[in-house]
Amino acid sequence: MRRIRIAAGISILALVLAACSTGADQADDSNCADAEVFCIGLITDTGKVDDKSFNQSAWEGALAAAEELGGVAKYVETVDSKDYANNIAQFTDKSYDAIVTVGFLMAEATVAAAQQYPDVHFIAVDQFQGETLPNVTGLMFPEDQAGYAAGYLAGLMTKTNKLGQVLGLEIAPVQLFAKGFEAGAKASNSAVDVTTVYHPPADNAFANPVWGGQEARKQLDQGADIIFAAGGGTGNGGLIEIAKDPAAGESVFCIGVDMDQWNTVPEAHPCLITSAMKLITPGTTQLLLQVADGSIAGGNFYGQTGIAPYHDFEDVIPDDVKDAVADVVAGLKDGSIQTGVTL
Amino acid sequence: MAPLLEVKNVSKSFPGVLANDNISLTVNAGEVVALLGENGAGKSTLVKMIYGLYPPDSGEIFINGNKVELTSPKAAIDLGVGMVHQHFQLVPVFSVAQNVALGAEKKRYGLYDSQQAEEDVAALSQKYGLAVDPAVKIEDLPVGTQQRVEILKVLYRDAKLLILDEPTAVLTPQETDELLEVMRGFAKQGVGVIFITHKLREVLAVADRVVVLRNGKQVGETKPSETDQAGLAKMMVGRSVVLDVKKELAKPKEEVLRIEKIVVKDDRNLIGLNELSLSVKAGEIVGIAGVEGNGQRELVQAITGLRKIEAGKVYINNVDATDSSPYQVHKMGVAHVPEDRERDGLVASYSIADNLVLNRFTEAEFSKRGVRQVEPIKKLARFLVEKFAVKTPSIETNAGALSGGNKQKLVIARELAWGPKLLVAAQPTRGVDVGSIEFIHNQIVQARDNGAAVLLVSAELDEVLGLADRVAVIYAGKIVAELDAAAADRNKVGRLMAGGDTN
Amino acid sequence: MSKFLTRHQKPVLWTLLVVFIAYGFYFWDSVRTTSILNFTLSYALPLILAAMVGIIGERSGVVNIGIEGQMLFSAFVAFFAAAATGSLIMGAFLGMAAGLLAGAFLGIAAVRWEMDQIIAGVVINIVAAGITSFYYTPGKSLPAIVPRIKIPVLSEIPLLGPVFFNKSVFVYLTLIIVVVLQIMLFTSKWGLRTRAVGEYPSAADTAGINVFRTRIFNVAIAGILAGTAGAYLSLDAAGWFERGFTAGRGFLALAIMIFGAWNPLGAMAAALFFGFASGMASQLQADEVINIPQQFINMLPYVMTLVVLSFSAGKVRPPAAVGQPYKKEG
Amino acid sequence: MIQGEEAKKLHPTLSYLVQKQSLVVPLIAVLVAFLIGSVLIALQGVNPVGAYQTIFNAALGSERGLLRTLEKTTPLILAGLAVAVALRVGLFNIGAQGQLIMGAFFATWAGFTFTNLPALLHVFVGLLAGVIAGGLWAAIAGVLKAYRGVHEVISTIMLNSIAIALLDYLVNHPFKEPGQALPRTVPIFETAQLPKLGFVPVGFLLALLVAMFISWVINRTTAGFQFNTVGANKFAAAYAGIKIKYIVVASMLLSGGLAGLGGAVESLGITYRFEPAFNKGLGFDGITIALLARANPLATIPAAFLVGVLRSGAPSLQFDYGIEPEIVDLLLAITLLLVAAPILGKLIFRKYAKKSETISSGWGS
């Protein structure tokens, strides 16, 4: 009898809790079909929306656009990379106006969905569009340029002439960052030596902060004084480890990646002089606004890259260095400087 | 003065069995009480309750006149109860001293004091004449010595009541006599002893009183002075039993098994069989007598293909079987009743039917193109269960659910069913009730009479002497003597088993 | 001392050989040698602790395949507790408590409920992965960093000093745990009883030792070590928590435990070997001295483990009763 | 088992349930897990009834949902079978993941390498390549176990890592799709693609057939008898003349082959190419499924289906209610706990509860 009572208790508890629940603070997307309401859907790569990296950047861009437009934004996180199509379909079923798919893994699913739903516009972050579809815009970034600018800074700042790189999986965007960094560093300081280490191939290559920290430590021990950490959680682990060094901010620095990591990894403040950014957030927002006002075009859209503000290191970095880096950033932008990076 | 131990109206049942039914027992200080009964009579259950291993369902236990709740062995040990178990409870990778001290460790600097323990054990073994080296690992000791360790364990804890569960099963007659002496010595020092056995001779030699159990019930109490072997046997079994195996004189024919100087390693990678030679002819039973651990297991496994032969040859029907697999040996006509039927002979989670074809499942009758033929298997099973009088509700019952005797009948049935040329039977009646023992003995004799060669390995010297036509004594991995069964008497064989000379 | 040397001749000689070689490399390239050994130790640290969890469990007869989940859960609790309370010590403490909880669950499931031990471990792994992912909240960070404690004098020794004696409290704690466990397991009353329970539970039972209690106690206590490993990962090694970031270390620890023949010091050596191989893999990649794709360098530790085990396995044997729930007959 | 007198005392329905408790307990376990799950969901401020409705609607309510559910179930059945078969022999194949990705890669390889094969043959060749690759990969562990005494848990963990690194090399270097930023292979030819029949993937039908076939092999053939005997009592197996080493290798070969088939079906039926990110975690789900199914080959089908439904419905849960998809892992963990721990059986059936049995073995060789 006692057991039955327990079971009954649990069910009643469940019902009470169900009654109390408010139905969550989910955005109301019931009238997305109306032309008045602009609905934005976002599907993450097999990662989480709070990844302090590109999924998060894109999501923030979508939120900003939704706010600007008074519309609705919602996301779904992908667990299984074979669910992309299904996850996209959830939004198309509800007649969302724009769908952001984040990450190059989703390229094919995005194109397939775009062909199926010509009325929906797709923003394909990090997905190069070989053939132009009117309703897909690939949001691309010249990562090598961001890496180059950061590398240029590092080349000027290093005292030991040794730079390090703690990287995620050896895949194109990471390689572009890394090679750009090396090229930039060599351009500003021909004596510099750059150590490049990718995470071993594994499912967690972008989510192994422990390894990132250990590798960063090793490179520091071997004399590197500025380390570029590019690899999601793995890189973040590297940043945090460098920030722990007693000389952090004095003679040892770190450089983040993707977004201004000053905001996403506060633990890295002691060493973070800048981040090699691809400006996914403004790029996403910009494209979504274009979708809303109808000015969007298919094909590839190149977003901005650059380096993040120096924050607390504004005074640490000499003015001539800052000027030189600013020139390089400008040169990269107008095409007068080429990174020379190929994969 | 209150008796040392008083058990009043204790009952205990296990699923499907009433193991102890209203049993009472009294043991006084300085007294040896023999608990006599055949296998399954409930002797072990009773003493395990006294030792705190099981709680009784009902009834009371008093120690020194105080009612006690024995919830764990620890509680029993604290009250001065000590027990030497039938299956030795020793950790093989521990030293003698570690085993003795386990659970009653003395400490130095907060750590286990191994030096003290070794000294204590040495002192104890000297005091009671139980010679053993405290620093040696248990797995390196012969069984007889292991038993001494078990006894030392109990003495180390200052037991006032000593329980010995079938202690003589693994001993030579001489060692048995020594043990009986030791028991008398304990009694003289005021220790109460409960001695479990089914060997009548020993009961008469050592006990002050005898309590007999049968089928979980107490059937009587007597004194050695008031009875004899026949009387005890009748009490134990409930009818008069024929203790001797009835059989014709053997008519040996051609040689079936010939072993030439085989060398085999044991589990510890030491020499287990040392150039052992032996021959068994069709129509005769050769019994291997020896103290356990002298190579019997290795011999059986070497013949049946379960153990690698390092040197020497084994011929079966003049065919070289030295490097044969168990499967090939079986195909040569060898049947094997393994010593540990629970471990080797049966799959407890399988039905009786599947167990009856355990080593025959590939035969054409039971397997067509790799598919098992369920009906023929069942048919065979029904036939064998009937023929060998296996008591079971159905052939679908799991073998694990059968009693020891029925399990053994199952193995015997499987091994004899197909008319083997050579039967290797190891401990065929271990842990089996008297009724089944008779049955199994008759089956073995019948197999002989049908022309099979039989190699019998048994720790029970009486069984070897009673059943074999020829007795080969094994000692330290060698056959040290071969005797005609008629010429072999207990004492002579016993001396040989202990490595002594016949002359 | 001399008794110790004669009894443990082989390991002592091997240790001396390794130290000798290490110093050889140190005089050749002190920077690389020191940094790689630093990497080695920090990589090995959680593996060592996790292997101790496995050893304590298996020495008392309980397979613990849930170390991975125990560590993940503890790392999660340690991180968020530290973030919420603003105290690393509180975080570490609660992380260990979480490990204790997870350990106690395994003990009770495996011993009291006689549940299949491997299933119980798998359940811990899935539950931990689910909870830590489901209840993960972004935007938290640690209040401070785990300080390094420089041990006077010892830290001045070349090579050994920086590698072993200028580290966080977790390193010292781990080293102490290994040594204490090694001593306790083989020379204490607890160790004697634990091993008896793992080798031959009925012998322990009849000697008056409570097999059930010993097993539950040990597995639960081992959980605290898993908690320590988890706290180390999130509070010290990474400085934050990432979903699923134990990344198979709990499973690797089982390999290390077997590699180390169920001995604490042996397991530590095996874990250091893994750390060293991994450090070398990244170093070879960084130095670009040999032109092998990094994937092959990275699989080296695993291949070597298989090779080494295929020559050494079978010579060591696991505790005899491991994996079997103890049941009183009848 | 309840026999004779005792059974008669029970009400007939109850007695029937007691007999069928190995079926009843898992069902109730799922229900209880969902009940506990509903508390967790409610604590997130979401109505659990709606949440479950969403899961089932998404997973089973439409052809698209059904297709996705069955597609997810397919490799899970095969991975579950892989682990279950090994468990039958007393081996714990923790390396199904590595075997599965080896199978997925080599099936793809066959799919894009052989040209001019007729469709049916090409599919068959692809599947076969997957089976062989997975089987051989697992056989390494089998051989190491049988002849060198290396425990399979350790060797398969190592082999998982080695497989990941090896395949990473293959898709980054020799078999990388030209001009692609992403390390992945070229797509397979159309002739190698496994088709779908409406919302039923052919791979799913194949998995069902394989499960039934394996069940038949285990229960009806002499090979299965040998597997079971080695698993149930290896001493008795040696005594009965079964070549244990051979069986260990053969069972790992079969186990790995099944896992490899799971990968192959995934490559040829869904992804049409190989990418390291695909197939994530399928082999580990196989462990959960095999344990849920208590190593019974046929029971892997419903177990895999349960996992498939939950996994397929989870994204909609996030879409509709913002609940993270990991909730389904919690549900599965609770279900497994309730199935495996004898608590539930004891609560329901009291003294008639079946005794729990150990289906896996310790390290003891």
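Chains here go by letter, A, B, C and D, matching the order in which they are written, and residues are numbered from 1 within each.
We take it that a contact is a pair of C-beta atoms (placed from the backbone, for glycine too) under 8 Å apart; a residue touches a chain by one contact, two chains touch by 3 or more.
Predicted model only: the values in this text are computed from it and were never measured.
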Where are there more C-beta contacts: C-D or B-D? C-D
If you average the CA atoms of chain C and of chain D, how many Å lie between those two points? 30
Where chain B and chain D are represented by their mean Cα positions, the distance between them in whole Å: 45
Just curious, how far off is chain D from chain A if you go by their C-alpha centres, in Å? 34
Touching two or more other chains in chain C are residues 295, 298, 320
Using the touch rule from the top of the page, what residues of chain D touch 2 or more other chains? 161, 165, 168-169, 172, 324, 326
Where in chain B do residues touch two or more other chains at once? none
With touch defined as at the top, which chains are paired up in contact here? A-C, A-D, B-C, B-D, C-D
Interface with chain C, chain B side, in the complex: residues 14, 19, 45, 51, 53-54, 72-74, 76-78, 83, 85, 87-94, 98-99, 101-105, 107, 110-112, 114, 153
Touching residues on chain C, where the partner in the complex is chain D: 58, 63, 65, 109, 113-120, 122-123, 126-127, 129-131, 133-134, 248, 251-252, 254-255, 258-259, 293, 295-296, 298-299, 302-303, 305-306, 309-311, 313-314, 318, 320-325
Write out the stretch or stretches of chain A touching chain D in their complex. 3, 7, 10-11, 13-14, 17-18, 20-26, 46, 74, 76-83, 86-87, 89-91, 104-105, 107, 128, 170-173, 200-203, 343
Contacting residues of chain C [partner chain A, same complex]: 31-32, 34-36, 38-39, 42-43, 46, 136, 138-139, 141-142, 145, 233, 237-240, 242-245, 247, 278-279, 281-283, 285-287, 294-295, 298
Residue positions on chain C within touch of chain B in the complex are 183, 187-189, 191-193, 195-196, 199-200, 202-210, 320, 328, 330
